[in-house]
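Just so it is clear, A, B and C label the chains in written order, and each chain counts residues from 1 on its own.
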Amino acid sequence: MTTLNSRIPEGPIKDKWTLYKDKINLVNPANKRNIDIIVIGTGLAGGSAAATLAELGYSVKAFAYQDSPRRAHSIAAQGGINASKNYMGDGDSNYRLFYDTVKGGDYRSREANVYRLAEVSGNIIDQCVAQGVPFARDYGGLLDNRSFGGVLVSRTFYAKGQTGQQLLLGAYSAMNRQIARGKIEMFNRHEMLDVVKIDGKARGIIARNLITGEIERHSAHAVVVATGGYGNVYFLSTNAMGSNATAAWKIHKKGAFFANPCFTQIHPTCIPRSGDYQSKLTLMSESLRNDGRIWVPAKLEDAKAIQQKKLKPIQIAEENRDYFLERRYPAFGNLVPRDVASRAAKERCDAGFGVNATGEAVYLDFATAIKRYGTEQAKIHGINNASIEKITQLGEAVIEEKYGNLFQMYEKIIDENPYKTPMMIYPATHYTMGGVWVDYNLMTTVPGLYCIGEANFSDHGANRLGASALMQGLADGYFVLPYTIGDYLADDIRTGKIKTDLPEFDEAEKSVKSQLEFFINNKGTHTVDYYHKRLGQVMWDKVGMARNEKGLKEAITEIQEIREDFWKNVKVPGSLNEFNQELEKAGRVADFLELGELFAKDALEREESCGGHFREEHITDDGEAKRDDANFAYVAAWEYTGKPSEAILHKEELEFKDIELKTRSYK
Amino acid sequence: MNLTLKIWRQKGPQDKGRMVEYKVTDISEHMSFLEMMDVLNESLVAKDEEPIAFDHDCREGICGMCSLQINGEAHGPDRGITTCQLHMRMFKDGDTIFIEPFRANAFPVIKDLVVDRMAFERIQQAGGYISVNTSGNTQDANSIPISKQNADLSMDAASCIGCGACVASCKNSSAMLFVAAKVSQFALLPQGKVEAKDRVKNMVMQMDLEGFGNCTNTGACEIECPKGISIENIARLNREYLAATI
Amino acid sequence: MSGFLSSSIARKVAMALSALFLIIFLLIHLTVNITSLFSENVFNELSHFMGTNFLVQFLMQPILIFGVVFHFVMGFVLELKNRGSRSVKYFKYNGAANASWMSRNMAVSGGVILAFIVLHFIDFWFPEMNHKYIEFLPEDPTRYFAELQHKFADPLRVGAYVIAFVLLALHLLHGFQSAFQSVGLNKYTKCVKTLGKIYAIAIPSGFIIIALFHYFNH
């Protein structure tokens, strides 16, 4: 097995990035304008990278499948963004942010990358404020912070419940400035369908204009992929409908290793599925767990009655309720990390205690909090002997102040008043820590091909902490890639424009076209969604929150069968040269059908439980995740060889010099 | 429930387009409106007909991709939501629902219910930004205090999702609320003041070039805006524009 | 239109400023006319002053006429542009769901008011101009009240006036606060809206009362 070169610079961890930046090659401003860079995806990572590269002077071409960069799914992030500013004076520092992130990631991330992330986190906030991002402020006019799960300090900056939106609009505005200057050429409603390699280097892409169906060739000296995660492999997830892994998978097939695909985050507080027609799941902020208590009926017959709507949750007496997180994890209770909370909910539902018609939901109850806040308010207002109604009213007002918009969103979707009856929640796929393998420079195993943001295997190890995704996306795009890419491009100043009539472009275009033509001409029997749903079901059942050897092996076989069926019987209406949404979906699902198999293979190979990856064979005596640092403290990077089943594993051993490996405990 | 849908079909920008009637059956009231459209599309593909093209992405009311004029209202009859958050319980069994694209000359139809909102992009490019380099070497984020009131008002304006419901609802197809939201966001922050004059002039000039109508203060945009952006922002835009030109 | 008036906001502000000017004019007009309800002499005195004062006649009057014409022409131009900005109409457009009838039909109410002004000019202004500046008839400071009473003897004319004033009320119900919004004064929105409602109902009602009063009391 080869050893991957992660190109981590020498020196103490605190100085690595600074020393490295001092030494890397730079491109002189006059030469930059002769260098083209393609950026695929314009979310937080891609958008910030495109803007910064253009500002530095490079000629940037940016691609988005939506009609505007502002629509990227980064926009849906609610909670906030972490930064070690220590404005609260509660002892935060770069080291603490670094430590929390590595620990939260269950010790499966690369120390040097994470430290760099913590180091530039403060700059992100400065940058965003200068750009006009309206972060929440306190009455003194200074920036406000809140706390998030898994850490002991308040370091999360936020803009109402729309932090992702505001940060994305900040990056979008920086892009707009460069588009207006002609430094970024923006290709909206374009989808990248393959990367073109010349002499082993990434030199361009094949893209489809989604309006006209035209296949286009674009050349560049470097290609940056920033297309987000692959959560939609589950069909149902909190990702946008269009979120896809095509760009990441295509570059994998062209030589970029794919790392840790089995590390996927399942978020505990999502609105449950209501029927087979369900198209996506909606996330509700994790902050709800600060005041909500999670429970299911303690008696199976009560659960059955609730599922059949014969019984209402408020009719179940306190002693007949099972507050299972509080029962199992007395120390952290309802505030255990995401992966732990999700698995516990699944365990109860699998045992038959689910509380909606599908049997896949648990209660998140605010009654206790309403009563507690109400009593407190009554005291503050000097109301003696307040009636229960008065206390409830006062308590509900406090809850509304804190979570009003989430409660409203819930009511719109479920049509039940969550102030009066407990909310129903269920875990859903939310974020993928795994992704394209990159070195310290964020370059993949293909020279000149970079991968940033959620699309790379990233800094989050096996589990991501809340409010860290936005931080990583912007850190990569604003502050890391613009430096590291210069080091590579410094050799390219004499290359000149890359021609698009080279045989490599012909070949790539031909294969893209033949796949598209296949879809249109196949005239099969089942729609694309039919296959996507089948794949999702297998993934959720067997490669979901808890995995075991038998299930994973079955999953691999089943995915292969679905894929075979797909290539025989898929039906795509319409024609090539038009706006054709079914055709777009077909290509994406074809890639998910391969990625899903590698995902299962990776999960099968990783014989330990860590972070979002839970193997039922590897548990402690009391049923908790058991990590195996002796054998699995590595990044699993997969090399494509023609079939997912024949992918070759390369291991990047993880060294922990600055942090001691410990077992996470939330008991 | 069973419904009759009257949907705008248009093969491409050159096609004249027409309303076509479809029937859907067994629609659950818990479905979202777009899931109902998914069901219809699946059935059309099964019958070898071409599915209806419509824009959508996040399906949680924030990306601004979904549009649709439903029964004569942008994003349908419910308030404070986008089409993807509209649920079928807002309709009754046997209802006839009209589904049309957002209409304005500045939003040409691409196909069926999909429209081209590039006009919004060009307006943003005309000045919807603060000219600060993304080097990170700016001053510390806390060096300029901003009153909570202004920060909150700025945030309210900034919550615009750029969906175009304001234009679609306005009897004049005016884009004033969209432009006002961006201008206000920056006008309320000290960082935005430096370029305030050029910004408002350039953005309004671009807005006019795109062929949107004039604002006559009917207030329809504010009612239909999924994010409830207030027309007070339009007054602020007017004020900013006057201050910049006089 | 070039220069300043080429921008949509500038036109809108110009509409608002001419509207605010006309709002002030209406108030003065009503103040003078309302005196006819209780004192023939005061009415005649005021009318005589307005009709013969040099400033009013040769400065205010041309400005007023310009204001009226500008408001109509600009309103018409904007209406055409606005209608033209959506060439393909909706099959179903539920305008009532999100905006008042008044705000959506300013051109209709404005058109009716225009028709009324034509009638009003034929009734009062042309004869007045003829009297003073064409035939140079001798000024009789007591003639105004009688002329007023004479005009409101015809029930058809009174009816037309009443209808026009109802439309004026509707026009003002939206127009008053809209003008303030257009010039960017939104800080006192609530106050402006209330004031606008009072004004929009009180002023046309005053004119209607005057017309009816003279119809029944001549």
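Simple rule for what comes next: a contact is a pair of C-beta atoms (placed from the backbone, for glycine too) under 8 Å apart; a residue touches a chain by one contact, two chains touch by 3 or more.
Every value quoted in this text rests on a predicted model; they were computed, and no experiment measured them.
Participant: Farthest chain from chain B, going by the mean of C-alpha atoms per chain?
Facilitator: Measuring from the centre of chain B, the most distant chain centre belongs to C.
Participant: What chain is most central when centres are computed from CA atoms?
Facilitator: B
Participant: Cα centroid separation between chain B and chain C, in whole Å?
Facilitator: Centre separation, chain B to chain C: 37 Å.
Participant: Could you state the distance in Å from the CA-based centre of chain A to that of chain B?
Facilitator: 26
Participant: Measuring centre to centre with CA averages, how many angstrom lie between chain A and chain C?
Facilitator: 62
Participant: Considering only the defined contacts, which chain C positions touch chain B in the complex?
Facilitator: 4, 6-13, 78, 81-95, 97-100, 103-104, 106, 174, 177-178, 181-186, 189
Participant: Write out the stretch or stretches of chain B touching chain A in their complex.
Facilitator: 11-12, 28-32, 34-35, 38-39, 42, 44-46, 48-51, 53, 55-65, 78, 80-81, 85, 87, 89, 110-111, 114, 116-118, 120-121, 124-126, 128-142, 145-148, 151-152, 154-155, 158-159, 161-162, 185-186, 188-189, 191-192
Participant: Sort out for me which residues of chain A touch chain B in the complex.
Facilitator: Spelled out, the residues of chain A in touch with chain B are 48, 51-52, 55, 66-68, 70-73, 75-76, 85, 87, 120, 123-143, 159-160, 162, 165-166, 169, 172-174, 176-177, 179-180, 186, 188, 211, 238, 240-242, 274-275, 277-280, 282-283, 408-409, 412-415, 478-479, 527, 529, 571, 573-574, 578-579, 581-582.
Participant: Taking the touch rule as given, give the residues of chain B at its contact with chain C in the complex, in rising order.
Facilitator: Spelled out, the residues of chain B in touch with chain C are 6, 8, 17, 19, 69, 71-73, 77, 98, 100, 103-106, 169, 171-174, 204-205, 207-208, 211-220, 223-224, 231-232, 234-242, 245.
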